[in-house]
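Look at the two complexes coming up: subunit A is in both, with subunit B in one and subunit C in the other.
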Partner chain A sequence: MSALAKAMQRVALPAARPGRSPAGAAWRRLLASPVARAGLGIVSAFVLIGVLTPALHHYEARTDADLTLRLKPPTGAHPFGTDTLGRDILVRVLHGTRVSLGLGVSSVAVAAVVGSLLGLLAGYAGRRADLVLMFCMDILLAFPATLLAIAIVAMIGPGLRNSLFAISLVSIPVYARISRSIVLALREREFVTAAWALGMSDWRLLRRHILPNCLPPLIVQTTLAIAFAILEAAALGFLGLGAQPPTPEWGAMLADSYKYFTSGAWWVFFFPGAAIMLSVLGFNLLGDGLRDALDPRLRL
Partner chain B sequence: MGRYAVRRSLTLIPVLLGVSLLVFSFIHLIPGDPALTMLGERATPEKVGEVRRQLGLDRPIHEQYLIYLGKLFRGDLGSSIVRGDPVLTDLLRRFPATVELATAAIVLALLFGIPIGIVSAVWRNSLVDSVSRVWALAGVSMPIFWLGLMLAWFFGVQLRWLPTGFRLDTGTVFDPWTNFVILDAALQRNWGVLRDALRHLILPAVALATIPLAVIARMTRASMLEVLSQEYIRTAEAKGLPQGVVILRHALRNALLPVLTVVGLQVGHLLAGAILTETIFSWPGIGLWVYESIESRDYAIVQGASLFIAVVFVAVNMLTDLLYAAVDPRIKYD
Partner chain C sequence: MRKRTVTLLVAAVLLLGVAGPAPAQTFVFGAQGEPVQLDPAVITDGISSRITRQIYDSLVKYRGATTEVEPALAEKWEVSADGKVWTFQLRKNVKFQDGNPLDAAAVVWNFERWWKSAHPQHENQIKAGQTFEYWEAQFGGFDDKSIVSSVEAVGSHTVRITLKAPQAPFLANLAMFVFDIASPKAVEKWGIEFGKHPVGTGAFRFVEWKPNQEVILEANPDYWGVKPKVKRVVVRNIKDNSQRLAALKAGEIHGMEGLNPDDVKVVKGDPNLQLLLRPTNTTGYIAFNYKVKEFQDKRLRQAFAHALNKRAIVEALYGGTGLVATQFQPPSLWGYNKELKDFEHSPAKAQDLLKQAGFPRGLSEITWEDGKKEPLVFWYMSRSRPYFPNPKEIAEAMAADLAKAGIKAQLQTAEWAVYLDKRKNGQLPLYMLGWTGDNGDPDNFLCYFFCAPGAPREGFYLNKPLADVLLRAQSLTRQAERARLYRQAEQMLQDDVGRLFIANNQPPLAFSRKVKGYVTNPTGSEHFNTVEVQ
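Moving on, here comes the complex of A and B:
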């Protein structure tokens, strides 16, 4: 068989066993993919670090400095080396997990709820509401997301809460668009018409039939949006707009150190950046795996 | 096609108005008195009042917006609060550096992204495919400012192969005509400067190209897979055409259409990414300028540059749409 013919072969997805719930089937498909397993592993590890580090180890960022230990390369005592203030980088990377991941996850949570509701509303509440809402979303999408987030935080002032606001805001339109398009597609489907003809109330219809059908694409989007939000938060931190020193946030740690790269102290920026990349990669791998497991178009 | 182009252009009007409204409202997002925030706590009340008048903050808000809009039509993006220079003049002076960097990045991204995507799709699920997929996913996950730092450190500081900042070596005597240094150097046949400029361009361009490269590779792969599963490809294969012809002539031409849209979208992200890349490499384009203006709280520049980038982004996306309609005869828009 030629390579081309192989490429043309349809992927044979493991068929759902009869009697299993769709969620169970999707879960088993997810675990069947090595890429998704890797993503799930990385994400779980970071979540554990983020949750356990503050519980197991107390860290006082404000008093952490030891100038006798400035810019020491990685050793047994300081596996990731020390930074320009003599702070242990491993400790700060571990404690930064909660800040960076927390910022990513919480801003996406806000965006997901607000965006999906706006999308549902646009798809459900009639033409005028639809036009106005989607026009607003188009305006937000007319800006490259990173630029809009940077510009907004530059205006409202730096800080974690403002970063959260800006990252949520730029993540909203995608959610609104996805949920709106699903609602519009579902409205035409027979089972929805049937439920409506049977006299089901709008609210119940929305909750029982529309929302569950919106979930798979929204779950995929959420995983990928968290990846993007972590990157975005780090970029804001790097530009000095996110978490303020001495808060241990990965992007801000890079900002502290980047002027010293000519001195050859690579560990100062290598480890925080690697943490950003690895966590973002984890969410992206998981999102890709989830898309394969949940995408209804692939459910053969 | 002509009618479609006109209609598509008309949709720009409300979007651009909306964009201008959002950018206009930036100044009102500043907590407290914007004039006071810009000038700092020690400013005299007279000076604060002057800046307030200059910004038009003493007028009702709808009037402020109309004045702002009127100025935009006359090409007035306001003036730098720190230096007093008109924003548009500085913007246009610095834009060529960013265009040069972004062009280099998109060329790199296309040059490597498309072949990687094709190879990945044709040998689907092979080792090559797995490696390039993980590689592409790593690229999408890359904080480019970190990658830039690593590149600068490794190739600039450790190996000393390439410069890590600015567009030319300090001390290079060169009088550019258009501020597109590479173009100017080539036109003036100044090969020494051209070589110097290219050397300075490599690292920032590679850093900026990473994400678009990965996105293009992923899109090319997905799009190729879709096309390869279609009947006409099977027909072409059944006719006994060589595999290379089937892939490059029959499949790739259709597969590249969705890639075109992605490239259009990436241009906007390149301009935003330039803020991070230019900061790392001291590249004197609009990205570095925005970064410096944020630090010095020169809000007029942040505002003007945001508007400018958004307009470029919107325009590029429109051009992509039109190009798409022009190159794909199967699509009829009316």
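Moving on, here comes the complex of A and C:
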């Protein structure tokens, strides 16, 4: 039966030539776009930094402070300058990558898995489950995401783990809605009806036919959501609700340093700010590219 | 005809040009936030009192830049030999801004409002959730609990106050902003809304309060004292320190308080601005909670004292206006102990003391008296105060010093009101806070904190001998004798390492060069009637 499904998929993806998997084709289309390549490059660079920095360099944030080196502009010894406690900003931005990116990626991963499963369930089971689940999602969506995240953290207390929880929670409804809408559309398609008529079990139908068809939009949403989550984490950090000092988190670094604007120490807020901007830009470009690559209709 | 008008206009413009700009009629001051309300009796914060001090007068006031007391609404006074009976002669022909006379009856009415919980204008405030906090703190409580036993009008302009026992800082207390005299008629008219319609005898009268923007005052032409030099005063609310400085640079405001430490040099380097410092009257400290078993060991507290590099912190993070604190009183107070030597900064010594106290591998976990263990958390303030102008940075620097000596504390904060509440209930194991003096008397620093041994709000710190010395000092009237006792108290406090005193600050204020005549006062009580804007 899966042969039929594959055939259907092939029809649905006209750009794919015979003998090439849809994923391979999408990848090729992605790399063909210069914008997507730039996004991919930026994202890979940040991921590499996030993974390699803690492995190659040990950083003890707790004892890092040397007030004699306070607010030194960028030099050879400190390429990004030093902050208000005399800490090397380059070191903190690099180590902050793991914190900020890690927070973004993991909160989105949690949200994506939970949200899409809920959406699948709602869309496929329909009726009462659909009503209740989507009602809950609508409640979550009714609040502006940042405000809701702040409210949640204010309730359960500040900290990295709690902000991860808050950001995941506010990102769930989007996934639930996307996957539900796709499931609803797919349910009416002939190949699904055919598979169902031929006696395929619900579980197998979901796994083999519906989920794979949900993936492309979910992947696109995920890359864009990571960008949002990084910003969100920075916002919480900025408000003192996210990472606690002395953890090097970009948003918190920005919050600690923006007041040096008037005294002319631009480097203390420029570099953490640039890191936030670049990483968000990278994920957004990649997300755009992926959307073009994964949605063949846009190319027709 | 038209020609003549033009000529006249040109002449007028030329004349104005030659005469130069006339002195400005408005003084705009940038405040750090919104006043709570403008009824001096129930407020405690500096933002509100900055405004009420312009509208009201107290019986006596602090002279210029000092905490010495000089006449205000009371022209002169005398005290009985036993120090219990005070007789004040009020200034004649002084009127409240609503036209009612300031006489002995009005003063007695104000005292009874502060003091008697059954007074209708006291009761209604309590019901509305307000408290007469300072009266309670300075005069022992309400009704029978108070040190005041009677307040009477013995003539149309003579008030006699009788105390149950002599109180050395009595006169200095009366100069505090909370004991400003309000118009009884206005208070009765507005009730709990009086804080929005303030009426006093001061140099400026209230015009308008635009919420979250500004409070507007205008000169009181009938003022009894130095006549105001500007027609209007505008106190504008700009919360962010950097934004407020930007407004000053742009000429939107003429003066401000709450300067970021690193902006001190910006103000010094700007030819259009001038920097004024308030004489130091403020001390920042770290307090231990004595319900934590580890902190009951003096060697451990000494380890903390030796681990901190206070000099480096004060030099780097106070913008040059800070001083290293060796004791609770700032050096400006007459009870200050000059002989006291500070703990030497020595991580090695700190590690050694930790080892002696039984923590060879350092301290990262604490045990409460009820046996509950938890990671050591060092609480830092979420709001900038004069004694810790940038609390988060200072806390991070101190935590790094502690970590270098093996004391690994996690940093945590809470919203300001929650923070103060947790502190009051004795829930913070280790925290930073400070104090700004109200009246220039050492009693206001030491006794407020250490006269009630074991109080939860002071981390259950129990030092009975210290409290005895402080209470004795309070009951004496001769300053030399009292000073000796306060010096002794500071020595006892240091010997016991009861608390870690970090820094004093001279809070910086910034003004446009056009402003003349602003006099800073250690208590922060500053009167705008001497201010001139050119």
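Throughout what follows, the second predicted complex is superposed on the first by the 282 of 300 C-alpha atoms of A that agree within 3 Å, B and C clash if a C-alpha of one lies under 4 Å from a C-alpha of the other, contacts with A are read in each partner's own complex, and residues count from 1 in each chain.
In this text, a contact is a pair of C-beta atoms (placed from the backbone, for glycine too) under 8 Å apart; a residue touches a chain by one contact, two chains touch by 3 or more.
Treat the numbers as computed from the prediction; the structure is a model and nothing was measured.
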Quiz item: So if we stack both complexes on subunit A, do subunit B and subunit C clash, or do they fit?
Solution: clash
Quiz item: What is the contact status of A:184 with respect to subunit B (first) and subunit C (second): first, second, both, or neither?
Solution: neither
Practice problem: Identify the partner contact of A:277: answer first if only subunit B is touched, second if only subunit C is, both if each is, neither if none is. | Solution: first
Practice problem: Have a look at where A:90 lands relative to subunit B and subunit C in the superposition and call it first, second, both or neither. | Solution: neither
Quiz item: With the two structures laid over each other on chain A, which partner does A:266 touch: subunit B (first), subunit C (second), both, or neither?
Solution: first
Quiz item: Of subunit B and subunit C, which one touches more residues of subunit A?
Solution: B
Quiz item: Now for A:114: first (subunit B), second (subunit C), both, or neither, which partner does it touch?
Solution: neither
Quiz item: Counting only touches as set out at the top, which of subunit B and subunit C does A:240 meet: first, second, both, neither?
Solution: both
Practice problem: Check whether A:45 is in contact with subunit B, with subunit C, with both or with neither, and answer first, second, both or neither. | Solution: neither
Quiz item: After lining up the shared chain so the two structures overlap, which partner does A:135 touch, if you call subunit B first and subunit C second: first, second, both or neither?
Solution: first
Quiz item: Does subunit B (first) or subunit C (second) touch A:32, or do both, or does neither?
Solution: neither
Quiz item: Among 168-176, 186-194 or 420-428, which stretch of subunit C shows C-alpha clashes with subunit B in the combined arrangement?
Solution: 420-428
Exercise. Overlap the subunit B and subunit C contact sets on subunit A and report the shared residues.
Key: 240, 258, 261-262, 264
Quiz prompt | Contact footprint of subunit A on subunit B as seen in their complex | solution = 14-15, 18-19, 21-22, 26-27, 29-31, 121-126, 133-134, 137-138, 140-143, 145-147, 149-150, 152-153, 156-158, 164, 225, 228-229, 233-234, 237, 243, 246-247, 268-269, 271-273, 275-276, 279-280, 290-291, 294-295, 299, 302-303, 306, 309-310, 313-314
Quiz prompt | subunit A residues within the subunit C interface of the complex | solution = 62-65, 67-68, 70-71, 84-86, 158, 240, 244-246, 256, 258-265
Quiz item: What part of subunit C is in contact with subunit A in the complex they form?
Solution: 241-242, 245-246, 260, 262-263, 265-266, 309, 312-313, 315-317, 382, 390, 392-393, 395-397, 399-401, 403-404, 408, 410-413
Quiz prompt | List of subunit A residues in touch with subunit B within their complex | solution = 2-8, 10, 35, 135-136, 138-140, 142-148, 150-152, 154-157, 227, 231, 234-235, 238-241, 251, 254, 258, 261-262, 264, 266, 269-270, 272-274, 276-277, 280-281, 284-285, 288
